[in-house]
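Letters A, B, C, D, E and F mark the chains in the order given here, with residues in each chain numbered from 1 onward.
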Amino acid sequence: MTLLKAIVRPDKVDAVKDALEKIGAGGMTVTEVRGHGKQKGHTAIYRGQEYNVTLLPKMQVEVVVADSEADAAVQAIIRAARTGEIGDGRVFAIPVTHSYKIRTGELDTM
Amino acid sequence: MNQADTAWMLIATALVLLMTPALAFFYGGLVRSKNALNTMMMSFISLGFVGVLWAVAGYSLAFAPGNNWIGDTSRLFLRGVGLEAQGTIPHYLFMCYQGTFAIITAALISGAIVERMRFSAYVVFITLWALLVYSPVAHWVWGGGWLADMGALDFAGGTVVHVNAGVAALVAAICVGRRSDYRSSGLAPHNVPFVLLGAGLLWFGWFGFNAGSALTASPSAGLAFTATFLAPMGTLVVWTLLDYTRSGRPTAVGAATGIVVGLVAITPAAGFVGPMSAIALGAIAAVPSYFALQWRAKTSLDDSLDVVAAHGVGGTVGALLTGVFAQKSLNGLADGLLFGNPAQLGIQATAVGAAIVYSGAVSFVLLKVIGLVIPLRVEAADESTGLDVTQHGEEAYVHGGGSSMQGA
Amino acid sequence: MNQADTAWMLIATALVLLMTPALAFFYGGLVRSKNALNTMMMSFISLGFVGVLWAVAGYSLAFAPGNNWIGDTSRLFLRGVGLEAQGTIPHYLFMCYQGTFAIITAALISGAIVERMRFSAYVVFITLWALLVYSPVAHWVWGGGWLADMGALDFAGGTVVHVNAGVAALVAAICVGRRSDYRSSGLAPHNVPFVLLGAGLLWFGWFGFNAGSALTASPSAGLAFTATFLAPMGTLVVWTLLDYTRSGRPTAVGAATGIVVGLVAITPAAGFVGPMSAIALGAIAAVPSYFALQWRAKTSLDDSLDVVAAHGVGGTVGALLTGVFAQKSLNGLADGLLFGNPAQLGIQATAVGAAIVYSGAVSFVLLKVIGLVIPLRVEAADESTGLDVTQHGEEAYVHGGGSSMQGA
Amino acid sequence: MNQADTAWMLIATALVLLMTPALAFFYGGLVRSKNALNTMMMSFISLGFVGVLWAVAGYSLAFAPGNNWIGDTSRLFLRGVGLEAQGTIPHYLFMCYQGTFAIITAALISGAIVERMRFSAYVVFITLWALLVYSPVAHWVWGGGWLADMGALDFAGGTVVHVNAGVAALVAAICVGRRSDYRSSGLAPHNVPFVLLGAGLLWFGWFGFNAGSALTASPSAGLAFTATFLAPMGTLVVWTLLDYTRSGRPTAVGAATGIVVGLVAITPAAGFVGPMSAIALGAIAAVPSYFALQWRAKTSLDDSLDVVAAHGVGGTVGALLTGVFAQKSLNGLADGLLFGNPAQLGIQATAVGAAIVYSGAVSFVLLKVIGLVIPLRVEAADESTGLDVTQHGEEAYVHGGGSSMQGA
Amino acid sequence: MTLLKAIVRPDKVDAVKDALEKIGAGGMTVTEVRGHGKQKGHTAIYRGQEYNVTLLPKMQVEVVVADSEADAAVQAIIRAARTGEIGDGRVFAIPVTHSYKIRTGELDTM
Amino acid sequence: MTLLKAIVRPDKVDAVKDALEKIGAGGMTVTEVRGHGKQKGHTAIYRGQEYNVTLLPKMQVEVVVADSEADAAVQAIIRAARTGEIGDGRVFAIPVTHSYKIRTGELDTM
């Protein structure tokens, strides 16, 4: 199995969720993160001083899928999250050796 | 000069001033966190620009003698306003008291256009609006204008404040257009406790607004106080029961909204109706606003925080019901429908209609003209990033010790 | 009618009304975030249901002549309550002022049963409780009832408000039962700044509560004000030093609690004692509440926000110490133990005892009867999910732009 | 005894008391979340220790006859303070009113040393400071001391409160030293809505502070009210425009700061100047504080929340401008420069200078002496962890149900 | 080594922590997340409209253990976090190639 | 590629970010977490009871780097985040099989 770790714009989570559901991904986990990449950040002003805020709000969507579905899921995420502007984010694919369902205690074979 | 009246009006004025920060929290809690400061600033900034302009010119246009339609320029820069009594309180204080009304009325409009209107355009709009719309309408009703002559009853501003702002909000929501993600995502309030805080402080301040409108520490103030006390209780009960009936789960945002709607509705009636009428008025007023709000959310009108449903509808219903429940034995002025004077209802409707037409038309022209000079909306990318960062260079909440920042 | 008294009572009433939203924050900050709105709604809803019922019936039962035990029905629906003076202020205003007390007393109880009581059962309970427990007890002390006859001193409601609510809280905590995760996990306050905000606004409002209980803008009000000013300062100092001695770290929750305990304790005494007595009373009252709170947390009694320790114990200590520190030269009524009248202490104890027995018994019966119709607790799964979502369909805080929501 | 004055001073005193919790939020929102409670406690604790000491001794040193430099001990433990009138209000109430000033003045200092000062050292410092610095300086101006004799104008405490606290803050920032991560990281405010809440409540309370300083419900109070209403509006407009000009983005922290600076600057002038002068004074005062704040942030002086720029500079500018804008026709006392009396400016400067020298010197000695017994700073590791946990054993915000805690 | 990434109910974190301590796991890292799987979500009501909240609050517990201990740790987590109701969550096992202690800079051999 | 998952003290994020930028790492993602390891935790006091707070605030910095740069990045992180006191945290290296740029949809070859 593969863990897809996607860093996307905060306002793209709903679209990504819908896209993943459509291709039948069973579940997902979302985390608020802040990130920094090509995107420049913005200046903030506190008490008259300008600061460079380099870590911008992003959302991380994590979904574990069967290896065979990984490609489709990556494409679904990319299609849903893309705006074409700098700051769209990344998808990282990470191998997962086992997955367990806590409710049943069983190894999950997806 | 009456010292007791002065004591009461000192605190009443402070109470109404507090309503603007309270509104900032009521509104600010309802938006997403990326727009929290922008929304709050839309209230706070009115304290600056509208407040200063009120002293410079607005007060004169609203309260200097003038004619039936507008005051004159005799009190520009507060000329001739001094320590002497206006009624039974210092003239200065009277001017401040009335100024707090202008400030909050302008700020109310912001609820319709939060999360996408450009801050500079907004500031220009409400400042001019306070001068060109608020001041004349206030003159019509309280400055000896034609609505006063006609016998319209508006104790503390159902028409002048709420209908007036509600209509401007409607026009603004249309002119500015809807949020780009309106109806496509949840748009849930980011901080409901702030909404409750706002509602609580608004109620507190509203005692100054309504009971202060008696301008004296008199039984009339006591009557207005009592109505302001009881009407929102009636609204809160009905609103909660409506919520409960429809979904089994009465919401906190609903409770806060219900309280505000009750306060809005009782505003024109406060010093004119008895306590049981106040409860009834509050209870009745819950229904149209409740359903207006539900219905609006299904339309394409992005009146984001439902200023129209709460203030427009609530203010209109309150103004009309004033013509139903008013009781000459209590207010010394006029009876309403229930007490044998159906004509009053017609007068009330005329006043509301006049405010709708005037405020609607001038607000529209103002926004169109401003839009020629300053774009009314922020860039789409800025809307998506959030207005706090893009309009104010700040984030409302920073965690982890601001670890994302570096001195420039 | 006295205009200065009217001015003071207008604002005093508004101040007491503000205490209920303030309580919402004091309590709401102490619970976990998944129950924040439910806890706040438990205060806010009292403004609706208890408030309306007060006007309809509660006021009559408490303040209409009646007999030694309860008022009568002559003022149902506020019949005969009008613009005329009650004492030196408009009767309407007097009714509102007393209504604010009923509202907050009922809301105080909620602290004992937050995070698991079903909202509908709670609303029914406090509404009936206000009518069947609060109104009679208020009549005993302030409506010309038997405790007044006996000479019990209760300036602003140590017995009527705090002991009364504290006992009901104890009974409610027992009847509703403890949270399923009580003592198994940390149960830390989710927002301590809200607790401090609540404490600050409560103190502010309490000046209306205590100094307003003079019902006049008189030296007596000034005396009550001074006591309300100084007593919590004494409590705050002692509470902080106790915290410091025990752990080296004075807590903010402790400071907020100390302030409230001081306010509770001075409530019955406010207009009866001198300023140095007020400091002493506040300082002394810190000790039993501090240790009651510590001890309670080790028992199986899940009085979640320590209503018993703060209001029950604090109110009792305050009522008794009123019988110690009262000074006829200041209040014109009676001396306490320290000024040569030990009998007063006995009278005070009787009043407290009567409130404990009556409130305890009726609260118990009420809860048992309601429990037959509506389960007092939410389902275990709902308790685990949190009451905001399950009882109100809302979350207090939504981040990330509500990205988890989709229109139905 | 005047009842209307009493009514006004009851609420005015409550308003000023509320300013200390308001300050807790203004300051608390500006720090990082790991220090939020500690910062808030620094304000709240003043309500305990400074408040009690005020009743015990501070009042006597400030307001008992004494000599030109300090009061005497005749009113220690409030001996001889009773229900009788002081001026036209109960003496007790006068004492409370003045006490609120001592409390908030001491608390103001904390802004300079948050996020690193040891709580116990801080408490000792402000308690002694209130007695040894605040009380004498208050006596000079309001207790019949030498500055009063000289004709210095300080309506509500520009010198006594703001310059006094601002200088102590400067000295404290120097003595305690800068935060270990000062200028190395962002140090962004963790909750800007709290800053706005604080500013809103401060403005509300400030009406009690300034208009209450008339000690009567009189035209003079109305005049002071009007100035307190208009001056911050002027400051807010100018501050916003400065922000806008420099970066195109007017900040919310800036708006809140601007409001406070306007309130500070108008404090000494409130009852002495006309409304247009008040707007001008507020507008002018924005400039030096705005640039002082910017400049300070580039220096190595870690006056963390800019007490010096806001209160020191703002108070000085206000005190001097009082000598410019004062108008005998309004205040019955003295004209300022603009009205033909340049000498007043010199007197004002002398008063400011005296406060700077005295407060600076005694604050310095006090801190050095206390530092011999208690280290002024927390350990470096505790500073890095945050003062909430290390000084108070609490976290301000706990999410996820406190799931990280286990009963000891 | 293996990274166990467990998504559990918020009120199970303490139990999971205790269970992991009992079997001698050296440390853990906890993150607030929101998740979506079989569990339906709930309806929320804002301004009179019902919304379907599909991402529910969960906690993510991450613990890196030696491969030999992975099985025991998984079982400990499952035992502590299970209620048997839908929404109990998952445990994912992910390979870790190296682990460093920042304090000492050393490679950690667990 | 390798995902470096570093758990560091909250006040070290800026230093870690600077260090990573200096060695040319292209981006990073930061998450607020709470953690527990050797570090004892502290006692908290609520309503007079002492509690043992065992999960302390940390920040998690995640950065995906080419395998060849992993060592340098680990060293950079360690140097920037170390204080030498207990609680400094960990760096875990986790294999990443693919990385995609959402903006372009392309596989990222770092």
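One rule holds for everything that comes next: a contact is a pair of C-beta atoms (placed from the backbone, for glycine too) under 8 Å apart; a residue touches a chain by one contact, two chains touch by 3 or more.
Remember, it's a predicted structure, so these values are computed and weren't measured experimentally.
**Student:** Which other chains touch chain B while also touching chain F?
**Tutor:** A, C, D, E
**Student:** Among B-E, A-D or D-F, which chain pair copies the contacts of C-E, with over half of them the same by residue number?
**Tutor:** D-F
**Student:** Determine which of the two chain pairs, D-F or A-D, is joined by the larger number of C-beta pairs in contact.
**Tutor:** Higher contact count goes to D-F.
**Student:** If you average the Cα atoms of chain C and of chain F to get two centres, how far apart are those centres in Å?
**Tutor:** Distance between chain centres: 48 Å.
**Student:** Let me have the rounded angstrom distance from the C-alpha centre of chain B over to the C-alpha centre of chain C, please.
**Tutor:** 32
**Student:** Between chain A and chain B, what is the gap in Å from one C-alpha centre to the other?
**Tutor:** Taking the mean C-alpha position of each chain, the two centres sit 42 Å apart.
**Student:** When you check chain D against every other chain, which residues touch at least two of them?
**Tutor:** Only 2-4, 7-8, 11, 34, 185-189, 191, 197, 247, 249, 251, 253, 390, 392-395, 399, 401, 403-407 qualify.
**Student:** Can you pull out the residues of chain A that are in contact with at least two other chains?
**Tutor:** Residues 10-11, 14, 30-32, 34, 36, 43-46, 49-51, 53-55, 57, 85, 94-95 of chain A each touch two or more of the other chains.
**Student:** Hey, which residues of chain A end up touching chain E in the complex?
**Tutor:** 1, 3, 17, 26-32, 64, 94-103, 105, 108
**Student:** What part of chain B is in contact with chain C in the complex they form?
**Tutor:** 2-5, 7-8, 11, 15, 32-34, 183, 185-193, 196-197, 199-201, 203-204, 207-208, 211, 216-219, 221-223, 225-226, 229-230, 232-234, 236-237, 240, 244, 247, 249-253, 255-256, 259, 275-276, 279, 330
**Student:** Which stretch or stretches of chain A touch chain B in the complex?
**Tutor:** Against chain B, the touching part of chain A is residues 9-11, 14, 34, 36, 42-46, 49-57, 85.
**Student:** Could you list, by residue number, the parts of chain A that touch chain F in their complex?
**Tutor:** 2, 5-8, 31-38, 54-55, 58, 60, 74-75, 77-78, 81-95
**Student:** Mind listing the chain D positions that touch chain C in their complex?
**Tutor:** Against chain C, chain D makes touches at 1-4, 6-8, 10-11, 13-14, 17-18, 20-22, 24-25, 28, 36-37, 40-41, 44-45, 47-49, 51-52, 55, 77-78, 81, 83, 89-90, 92-93, 95-96, 99, 119-120, 191, 194, 197, 390-399, 401-407.
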